[in-house]
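Here it is, the structure in full.
Each chain carries a letter (A, B, C and D) given by its place in the written order, and its residues are counted from 1.
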């Protein structure tokens, strides 16, 4: 890190700060500039303690140099990670597609969706059994009954089941039915939950929190990796900005940015990322063109009757067309979808 | 809610939408404008289901009219709620002050802090025993040992202990030691945790998530209230914006805005809201002037050696001066601090 | 618009508001709900005056229904506008590419760039002669000398010259040399400048301000259209959000969103939109996949020596590869680049 | 600045970068860390050219150390600047209050406003004659007739006239009538306008752009100062964030943050900063408590009939009460309002 001293810091202050840095087990290099003195502190230390140096009166700011994450880093592992569950493959050259309804509502709704997305080329089936809802008065999911329906749909179609886990207490139940555990955006920094899925050993889709920085996102993945679970997919699903014409703002530049820094695969969720069904297919095509490792898309047999997220769900027909376009774009770039 | 039809919607489409609205148990009023038809749907319905009408092809947008929260609303309860724990009183004319270190680090560190903030006029003691940290490599708190130190500090000083709960599994442990349970900003939408503290019956400080809207914030409170726990304090601690010169952007207008809509008291946390110790005292004074019901401030005997949040912690002396100023501003407005 | 009355508004208040609405030349429909009364005000009025109704004590909020823009709207003109200058065609099925250096620095730098981008398939040449710079101490452009170099480059290559106008006083000078006038993001709401380019009659590239909403963006275009100039290209170049790993956050969903509402073509600037050269080619490909009508890309013979925006400029070789990829994606979707 | 090399940068790359830094006239210090090499470049250089080093392949990032502004800095001038026009004094211990209608609409409206705000203790009169409006169809101001009314109001009341200048071409006209020129938020980076008011020599109120960083804000002031005009007031009027319950988010922490860095006075505009009349008085009191050097408030004799900004305008009575409260808070802190 670089410690920038305030203007007018005396040699005694610089000397004192040098000792503080050395007390942290780091080596200090003092550089005297035209207006300010800076001290470069050299050593591998990522526990955040050093940032408290900013509280010293004589310090203007502290600039970290090392990335705060480690296991997630390309520098730790150069080749891309491929996350696998049944036929679903995400990363390492595979563009996996997970599709299905927001919530599991009934056997018929789920099976219709599952058959349709399978026919169109998806290899993963999404569907919420436990639903995190902004309002306590909204539909909260079918719970274990929903999980059973998901498992039955997998048995029929062979699609890998991807479903959200909301709290550590549910881990045994979820592990019984799901192939991939999803951490929702609201829980990206629910650290006990991250540790629980880390310990469970199932593949994990980790959604970016709507105001999480890239470092925070990668550090959340690091919590899972740190428990020995390396099957982690990063899912960009849009960030909260001043824009209100879309539900969230979906920054596709996250894909190449993350791929430069981490070996973990990057999934795009254009459904939550826009919140508007008519914007999902063009953004899915763009996600493929930008180089994503997978897509997660909400599909419902009758969106206008969905109990949640109807406005952003595709009908099976529109989804099939979307897949056709995405496949075309993928193969024009020498890649393979699904 | 108001359903705005697309331009060119035919009478048949309007008729069909009218029936859909009536199927939801609402009454429909059709208004034919110069360019568009809108349908006003009348009735008390807050479960979100109706928003899926936006997915209908013939609909341009759906505008909700009713606030989505109910029990938190001033319309449900006109008089302000006062949240109380030992001598700590927040709301209903009382400006309560909770102060102390970010993390409990040692007996000496905690007791020194507790005595100092008590002497300066605080009636609540903050201190984290379980710490949500962005990095898995950072100090995670003393856990139950920290809780014991907090309880001991309460026994000596009489300060009410306010400490964060991170996961539902900790509820029994926390209830044993704490007087007030805090839900951190990262967990504002951790619904199982909200329900757990709702059931526990202890007063709750609910921190606003860094990108939560006001409706989302009040709906999170509604989850707690809905379990029969009415002792909820709303804590504004800053939102994430493009500004980087402060850790977060602290919008004090939240105080009067919330007070117009809810009976729950509003606490300001200028420490997290700015992230910079020198900005805390002026923002605390401003919070009192804007009409807040309480303050939550980080104080550490030696900020530059803090294991977390050193850059935003006040020394005991600076905190005492801050309290003096806040008391002066409060009494100039006919209010009482502490 | 919909006027939502406060809870408890008396019949007399509703009556008074009804008259206020009628005084504005609108028809009022009163709808009495379970908790609130709303008044639908029918009529074509877009001058903003009605929003002052929100200042009435008895009014909770005012919800506009009509889009505030008119001439830019698809409802006014259904078929897409194609903006043309020499061989540059943007919109109406043509994906035009404008490329070149951020600033014109020298004859050699400009001609090298122009020849390279022409060879790779661009039909427009960008280059700033008058540079808006955040700091008064930064390079401000070669001014008229720069314009002369641009004109010379056009004479040699046939590329249409696209250059920024910063102030109405420069209009005569700019019109003399440029084929397309660019309004920079900082000037999106510089209304005298918008009117000046509206009067000048040259094609205009209007960049979105970094915190402009879609309505504000389209209303800025409306200022130009309102002077009778219909050759306006909307350029999305990224918005300012909490994200700092990229210079701006580039929301590609703007493309289909705008295309649904306006007949004006939409150009993407991945250079400013990311600020990082290595992210430009994937985002350009994604922009083509999402359906953009054109690209604007910074290219410099030697980015590390550029006097401005070096970090986001492509070398001629990387630009040529990017064009190859974009052409492939375009033709996979049945479109033609350049 | 600090140049952080990529991991794996070879000694030859470090050597080449060292020479590039020296070519810029800076001194280079190489520091070899455990994972990366950084090069500290020492010297006074603020022209932004060095940032193009980020475009070099072997560079990970460039961290600037020096503030980019100079004349605005406290390091250049330690004592606070007081900006003065007639009886209006802002800064250096004076809290000046500028009040009046958003737009000048008629002689009666303006004079009624002017007398009322004068009686309540304001010393500056605001009122727009040239109005920047988002829509070309909205009221654009009375233009020179409005300026004449403002001058007449000054002649009667002694209030200093503060009015907005929209374009350099108006400078002679504005200088004839106004005491203080205001640069609106939309024009904060309209550099030709900044230079024009810099040359005009009148005091300037410079409004922060809704997504301007602090450095950009201070650099905009620097454009004015750089022309020899030191009478510049910085006006914080709220930033654009994801929050929609208020028109903008008003970050009062800007006041102490700016006062630590610049000698220029800081004015708060709670009218635009909230957009809601009922939030203006508490935010004005908070602004005084946080230490602002002045207030700018919209007052209209009949807000519900205002041609612009009615929703955020105070009636004369509410303004008078607000002033009473602000005076009380100011004197409790040993300061004087007006």
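List of remarks:
Following the convention adopted for this analysis, a residue touches a chain if its C-beta (ideal position, glycine included) is under 8 Å from a C-beta of that chain, and two chains touch if they have at least 3 such contacts.
Which chain is which protein? Per UniProt: A, B, C, D = Phospho-2-dehydro-3-deoxyheptonate aldolase.
What you see is a predicted model; the values in this text were computed from it and never measured.
Looking at B-D alongside B-C, one finds more C-beta pairs in contact between the chains of B-D. Summarising the inter-chain layout, the chain whose CA centre lies farthest from the centre of chain A is D.
At the interface between chain A and chain D, over half of the residue numbers involved are used by both copies, so each side presents largely the same positions.
The distance from the centre of chain A to the centre of chain B, each centre being the mean of the chain's C-alpha atoms, comes to 26 Å.
Distance from the chain B centre to the chain C centre is 38 Å, each centre being the mean of its Cα atoms.
Centre-to-centre, using mean CA coordinates, chain B is 31 Å away from chain D. For chain D, the set of residues that touch two or more other chains comprises 211, 240-242, 244. If touching chains are joined by edges, the resulting network of the protein chains shown connects every chain directly with every other.
Residues 211, 213-214, 239, 241-246, 249-253, 255-257, 260, 273-274, 276, 278-279, 282-283, 285-291, 325, 328-329, 331-333 of chain B are the ones touching chain D in the complex. Residues 20, 46-49, 51-56, 68-70, 132-139, 166-169, 186-187, 189-193, 209-211, 215-216, 219, 222-223, 226, 240, 277, 303-313 of chain D touch chain C in their complex.
On chain B, the positions that touch chain C within their shared complex are 2, 4, 7, 29, 31-36, 38, 40, 42-44, 63, 65-66, 75, 240-242, 244.
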